[in-house]
Amino acid sequence: MKSKSTNETIGKTLVYTVLIVFAAIMLIPFIWMITASLKFNKDIFVIPYQWFGYEPQWRNYLDIWTKIPLLTFTKNTVKLTLIVTFFQLLTSSFAAYAFAKLRFRGRDFLFLAYVATIAIPWQSYMVPQFLFMRRLGLADTHLSIIILQAFTAFGVFMMRQFYEGIPDSLCEAARIDGMSEYQIYLSIMLPLSKPALSTLTIFTFVNTWNDFLGPLIYLTSESKKTLQIGLKMFISQYSAEYGLIMAASCISLIPVVIVFLMLQKYFVAGIASSGVKG
Amino acid sequence: MTAATTVKTTSVEEANRRKLKQALVAYSFIAPNFIGFAIFTLGPIILAMIMAFMEWDGSNPWKFVGIQNFVTIFSDDRFLASLKNTVIYSIFTVPLTLMIALGLAILLNQKIKGRNFFRTVTFFPYVASLVAVAAVWNMLFTPAKGGVINQLLLNLFHIPALKWAASPKTVLMTIIMFSIWKNMGYYMVIYLAGLQNINTELYEAAGLDGANVWQKFKYVTVPQLKPTTFFVIIMLTINCFKVYDIVYMLAGGSNGVINKSAIVLVYYIYEEAFRNWNLGIASAGSLVLFAIVLAITIIQFSGEKNYAND
Amino acid sequence: MKKIVSSVLVASLAATSLAACGGSSTPKETAAATTAAAAAETKAQEEKATEAATEAAGGDAVTLKWALWDASSITYYQPLIDAYKADHPNVNIEMVDLGSTDYSTVLGTQLSGSGSDFDVVTIKDVPGYMTLVNKGVLEPLNDKIKEAGIDLQQYGGITDQVTINDNLYELPFRSDIWVLYYNKDVFDKAGVDYPTNDMTWEQYDELARKVTDTTPGSEVYGAHYHTWRSTIQLDGILDGKNTIVGGNYDFTKPYYEMVLKQQQDGVCMDYATLKTQGLHYSDAFAQGNVAMMNMGSWFISTLINKIKSGEYTDCTNWGMVKYPHAEGVEAGSTLATITALALPTTAPHKDEAWDFIKFVTGEKGAQVLADTGNIPAMTNDSIVSAIASMEGFPQDETSKEALVTTHTYLEMPANDKSSEIETVLNEQHDLIMTESSTIDEAVQAMNEGVQAIIG
């Protein structure tokens, strides 16, 4: 009995040591980011690196808003991210249900086609896609970014894999009870897939928030650009304002972390199992 | 039409009609995503596949050249180097990331103090903008003797200063380490969500049978996570084969020069498409990438099917 | 199953044909549609007021879309537009910022197909220029130049180097030359004489070694080379006998030997570290322990502005001299980089756009550039002295003299394959400087690689 509890203590200590070392490795770069965001540009790349004991340049956090229209960029990014995430969740979880729980001709082929297209690098079909979108009059509109991001194969693939993990017997039982497929999707699958939906929300949010190449090609007028394009504006032809980049990066990290903190509470064991019981 | 009545129906015609209706319902589920996907993504992708057999610079008319583009890339040192680097990179990155992500997910699924903090911290590198974290990483892994990591290695293990991303010998290793560090949080989150699908009763039952932690992991966690693992492996493989910006940020450095020791497939494709404007060659390159990933996916896919039939 | 496949194909083929015909068919309708859309857009924006004003003035209001980069940090765009509008109140000019880092990629994509609505595009570098010329999306300017009676001699012969098959597709408005910057304080402290306007490479090397201090903790670097290949490789073309697109690079060897030796002796910072760390050359110079640095004249305004704002405190006492030269070559030969304007074939308002291009690349535009501290492509004595009399410009005669050149060579002359050649040269430069290849191996690889490209 005694040995078991000492073992447990040792185990616990070990786990925490590992976790703390690990967290440090993860965090050092962010501490660096914050310290760099408070420096003059010329002082950032000095070796050995000064972690503290310098005069903080709080001005960087003011300059980022005046040097470029960062507020407009932030508003645009928020708008795009919310709309894309909404559509992505809706259409992906909807389509994934059919791929996971319904039988129909061509299912496997269609699914494989979905997955395989993820493998094609965007760089190779970007030009024809852009020309096509411009034909439709969508160049330099937010709608173009929404269309590009909202119907991805990725979301369908991910949701389908999570639905696979939910026992078929649940759906069968519901069908016998006379529920239509739409009802099963709405009242059984959706509530059960909260962890998966949270994951997809986080990923879509992060992806859209950090997307650079899409907005770069499609959005040309200043009033429509996004945060990530703004970040790059601090790297100009003849200079690179790393102090400002770091300051803006720190700011832009906040919303994403908030979303993550809000949604990760759904990663709690037992939702699916209680569903089975009920 | 209710389930109770369909059980009684026996006529073939009825069965067919039922199948058709089922298919229609299924299509109605898929349609909202598929229509958008087909028009705006699949269409251009098929176009790109056709383009692989054409000569096109984005403006002048298309010219059919047969398999010339493939001949060109397979006799280009830079392409062959990019293929080799991409494969090496994937071979290391896929299993390592997978294992670390799974380990972390299991660890952070336990009831431990500060769980939310650790989860968030792990996810940090993925979320942060690449420009910023790459700059940080490059500062830490600087080839200078006075760099943080080089000092650490010297003091702890007496390893002389390494050149990291600046040397052809260590550049891939540096990229692999960085990419594991940056992406493990992402796959951890997927696993974390997957773990929530496992019925806790299974663990309880295994516990009653006297299974230890390892056995529980092997006989409950791993099989139950199979769909998630399938997803993670496919996505990891695809993402590894499509690696691009990480390489550009780490190996490109301040002058953006990426030599044969670090070039990867998508960088090659990018270079051909947007520096040299050989869109046909770029498409041919991505078709090669597509073929490799498709083969891996089909193998995995049939593996998953076998599991489902068990 | 078959049905789905075929319906997928039909859908995608529809998309295909739609996109494909973008390449050839008449674009009138779309062009009209896009201009209408563009016009509606601009109206929605601030310009509304000005447009109304010009309409009241009686002219047909035209809005020109101008593709450029760094709209917020480059100081001459707005003054150029204002100066032009003073004479042409009925023309509005909308700046479209495509970003600096990916400018050529974005511009190339925007000008693909036939639906672009840019009236004027800025050309950032020669490979970017070649790309657009090869794509056939730039209007040849020869006839227009002849008609307008523009004397190309004003550009000091630089336009010859971007003439392709006897035709010119761009007109330069800004031309930067390379000079040698130095920090007077560093020389004073070491008790060494300043560099001069007439130095050979040997003298330069000697001087750099004289001011160098390798004491750990208080290093002084005699020279600094940014990671670009131009800082070393191109020193070799200044004798006028060699070209960077010729396929033989043996002439670069002495320069690589000199710099590599300096690097090994701690005379300059280590390339590998500079590359990975991404230390910007301006920050390297600003740290105050760099004695000399070869860089383009664009650095002048950065220096002046950052010293004025108080960010740079350790290089306030700077000067510049002409580029060092090879033995037996006249001083004043240097590298040049031009920034130019071009007219896309799809431009909706070609006549107005050409008029604007003439203005910017002409005498009035040159004056605006000089007033903002930049060297216009059309240079004469009065413009040079205007720049040299700017506040913050070093007051010694040598620095003023440094801006006068005898021969200028483009960093990359116009060549069909310039971007492919650049890839080979960059790669080998990197291998030499990280000491992964020997100079002989790398030069051999350059020769073979480039010869394979140019055939």
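Chains: A, B and C, in written order; residue numbering restarts at 1 for each.
One rule holds for everything that comes next: a contact is a pair of C-beta atoms (placed from the backbone, for glycine too) under 8 Å apart; a residue touches a chain by one contact, two chains touch by 3 or more.
Everything quoted here is computed from the prediction, not taken from an experiment.
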{"item": "Intersection of contact partners for subunit B and subunit C", "value": "A"}
{"item": "Pair of chains joined by the greatest number of C-beta pairs in contact", "value": "A-B"}
{"item": "Rounded Å distance between subunit A and subunit C, as computed from the means of their C-alpha atoms", "value": "37"}
{"item": "Intercentroid distance (Cα basis), subunit B paired with subunit A, Å", "value": "15"}
{"item": "Touching two or more other chains - residue numbers and ranges from subunit C", "value": "8, 15, 19, 109, 112-113, 277-280"}
{"item": "Residues of subunit B touching at least two other chains", "value": "42-44, 47, 58, 135, 139, 142, 144, 274"}
{"item": "Residues of subunit A whose C-beta touches two or more other chains", "value": "45, 105, 110, 113, 126-129, 132, 232, 235"}
{"item": "List of subunit C residues in touch with subunit B within their complex", "value": "8-9, 11-16, 19-20, 23-24, 104-105, 108-109, 111-113, 127, 131, 134-137, 226-229, 270-280, 419-420, 423, 426-427, 429-431, 434, 436"}
{"item": "In the complex with subunit B, residue positions of subunit A that touch it", "value": "15-16, 19, 22-23, 25-30, 32-33, 36, 45, 47-49, 90-92, 94-95, 97-99, 102-105, 107-108, 110, 112-121, 123-129, 132-133, 147-148, 150-158, 161-162, 164-166, 175-178, 181, 185, 195-196, 198-199, 202-203, 206, 210, 228, 231-232, 235, 242, 245-246, 249, 252-253, 256-257, 260-261, 264, 266-273, 276"}
{"item": "Subunit C residues within the subunit A interface of the complex", "value": "1, 3-5, 8, 15, 18-19, 22, 30, 33-34, 37, 41, 45, 69-74, 96-102, 106, 109-110, 112-113, 115, 124, 277-280, 282-283, 286-287, 298-299, 302, 311-312"}
{"item": "Interface residues, subunit B side, partner subunit C - complex", "value": "38-39, 42-44, 46-47, 50, 57-62, 78, 135, 138-139, 141-144, 163-168, 250, 253-255, 257, 259-261, 271, 274-277"}
{"item": "Subunit A - residues contacting subunit C, complex", "value": "40-42, 44-46, 67-68, 105-106, 109-110, 113, 126-132, 134-135, 137, 139-140, 216-217, 220-223, 229, 232-233, 235-240"}
